[in-house]
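Each of the next two complexes has subunit A plus one other chain: subunit B in the first, subunit C in the second.
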Partner chain A sequence: MTIATWVAERLKEAKDVEDIDVLAGNVIRVSRLKYPPFLAGIVSAPRVERETIQSLVEGKHEIEIIANIPKDSFLTGNALNLARGHEIAAGGFGDLLRVLTRPDVRSFVPAETAFIERGLGQHRRVARFRQLHDRLYQIYLRNDDQSDVVAVMLNEYELTAEHIRAARDRYGPFAIVVKTNPNGHPTKAAFEVAGQLSADVLTWGEFLSHLNSL
Partner chain B sequence: MPCSRGAAHPNRVTSLRLFASSAGYCQNPNCLDPLFVETGTAAVHIAEMAHLIAAIDGGPRTDPALSDEARGSFDNLILLCANCHTIIDKAPDDFPVPMLQEWKHVHRKRIELAFGLRLYADRAGARTAVEPLLRQNLHVFQELGPDNDYRYNPESELASVWRRKMLSVILPNNRKLLAIADANRGHLSADELGTIEAFRQHVDDLEAKHVTESTDPASRFPLAFNTLFS
Partner chain C sequence: MRSLPRDAFTAPVLDVIAAARVNMPSLRWFLFGSILTSRRPVGDVDLLVIYASDGEPLQVRHHLSAVTTEIPLHVIFMTADEEIETQFIETTGALELP
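Up next is the complex of A and B:
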């Protein structure tokens, strides 16, 4: 069974779906009860690079969203930029379920990304920001130095030392770990490891306050 | 006041649990004095955490082989008024460890009876007692639990609603469920007895997380508990 077939079987169980057709090259057509059908490109990779999705994005099908299926995967900045440049949404399997009830699939942004970017965009000390990878942001500040800070946004409920180390392996150095999940707390070991990596661990509210002090 | 100031001093969670288990009364069944007293202008407590086996070698009911950790554990502590604590430690031979363990057991049974906990005639009876509590907890978890999509909004107010419901609904229900399960152990299979122990640890972990704000990871709810007594 291909990954596209697997996704099609799961999506057929959703109540807003009329039918799913698996087309060639890991593309599926999702026919919906309330809105027009759309095409989705399906990939399955722990790390999604530009090359991973290039053939889908630039292929003959007019796909509106790319969904990467593995749960703990990540989308690199290059992949996100490629998708964005072609006005194609990008996300995971859960996001594919979420767009079933949206009239405009192309403009979909995962909820957490949308909250983060709105918060940054509205902050008076933030001149601009850049999404380096799916969870890594470079934030340019309105100050005399025009300095910038790199922050990783982690949504874990119990943010552990292992999460911090895995983020460091995946994204490289960062100065701030922002816990975006409104529930839960970082563990004591998470704070210790972050300190060893010269990073602060902050809640979202603490992070926004911290930007004021930079 | 704790019995010992040394390494066998109970941690914050154990202290909390000890106070909770006393329901605010001396655990000597022949005393039962209230441990919190209003004097008119103040509220004072006369509770003392007494060790069953001495915190320090050579103390009352000593056992040098017992580790410091065990000495400070919940099972080795009893909450008494100042008088009873003084008496049992000044005459330890008249108050051996099995007697003090029985005091705690009897005290717990009194509290359970006060809550109307009962031994049911059969599994179906026990099931009728646990099912509404399980259903209520499940509803709160499904509507407000941390797996919901609001977790992607760092500013969601639902997080504080979840915390409130955890303290006001889920944790108290968990204690009732555990008490019903313990009171009706005779109706359970060996596997189900294991499930109760997993649930007991889950309850303990959740209380540590949400009451004392421990940052230790909490064990997940054992799904088999949903069908207890079914």
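Up next is the complex of A and C:
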């Protein structure tokens, strides 16, 4: 069974779905009860690079969203930029479920991303920011030095030591770990590992305050 | 005692976990989240693994890689101390796999 077929079988269980057709190896057409059908590109990679999705983005099918199935995976900045440049949404299987009830699939942005970028965009000390990868941001500050800080945004309920280590393996160095999930807490071990990596662990509110001090 | 029904969604996950556990018998494995309900489809399969040494999460990821490209498996790793600190099992109603 291909990954697209597996996704199609799972989506057929959703109440908003009328039918799913697998058009090609990794393209499905989702016919919905309430809104027009849309095409989705399905990929399955631990690290989604530009090259991973290029054939989908630039192919003959008018893809409106690309979904990467592995949960423990990430989308690189290059992949996100390519999708964005073609007005194609990008996310995971959960996001594919979310767009079932949206009239406009292409404009979908994961809620957490929208929240983060709105917050950064409204912060008086932030001159601009760049999404390096899906959860890694480089934030340029309004100060005399025009300095910047790199922060990883983790949405875990309970932020553990292994979350920090895995983020470091995946994204490289960062100065701040921002726990965007307001529920739960970082564990003591998470703080210890972050300290070993010379990174601070902050809640979203603490992070916004911290930017004021930089 | 609760048990997880085997269906098209849970079966491959349970099979891979069973195979991984043969190689790492000291770990504790739990399922939690919407997979434990009858609601379908689920966005992902939530798995808690309690480990003892720092290298074990990478080994687990390697063993689970056979299904993670096919099933949206969300694995959270905790030490026993972290689980005690967070009371995660009780809070989430996680089901330990026998």
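Some notes on this structure:
Operating definition for what follows: the second predicted complex is superposed on the first by the 214 of 214 C-alpha atoms of A that agree within 3 Å, B and C clash if a C-alpha of one lies under 4 Å from a C-alpha of the other, contacts with A are read in each partner's own complex, and residues count from 1 in each chain.
The rule we apply is simple: a contact is a pair of C-beta atoms (placed from the backbone, for glycine too) under 8 Å apart; a residue touches a chain by one contact, two chains touch by 3 or more.
Predicted, not measured: the structure shown is a model, and the values here were computed from it.
Subunit B and subunit C, once both complexes are superposed via subunit A, clash. When the two complexes are overlaid on their common chain A, residue A:26 makes contact with neither subunit B nor subunit C. Of the two partner chains, both subunit B and subunit C are touched by A:188.
In the superposition on chain A, contact of A:160 is made with both subunit B and subunit C. Residue by residue along subunit A, subunit B and subunit C are tallied for touches, and C comes out ahead. Contacts of A:76 after superposition on the shared chain: neither subunit B nor subunit C is touched. In the superposition on chain A, no contact is made by A:52 with either subunit B or subunit C. Using the contact criterion defined above for the overlaid structures, shared-chain residue A:6 touches subunit C, although it does not reach subunit B.
Shared-chain residue A:131: touches no atom of subunit B or subunit C.
In the superposition on chain A, A:97 makes contact with subunit C only, not with subunit B.
On subunit A, the surface touched by subunit B in one complex and the surface touched by subunit C in the other have residues 158, 160, 184-185, 187-188 in common. In the complex of the two chains, the subunit A residues touching subunit C come out as 3, 6, 9-11, 13-14, 44-46, 69-73, 92-94, 97, 156, 158, 160-163, 165-166, 184-185, 187-189.
By the touch rule above, subunit B contacts subunit A in their complex via residues 146, 149-156, 158-159, 162-163, 213, 215-218. Within the complex formed with subunit B, the subunit A residues making contact are 110-112, 115-116, 119, 155, 157-158, 160, 180-188, 203-205.
Within the complex formed with subunit A, the residues of subunit C that make contact are 8-9, 40-41, 43-45, 51, 54, 57, 61, 65, 68-79, 81-82, 85-86, 88.
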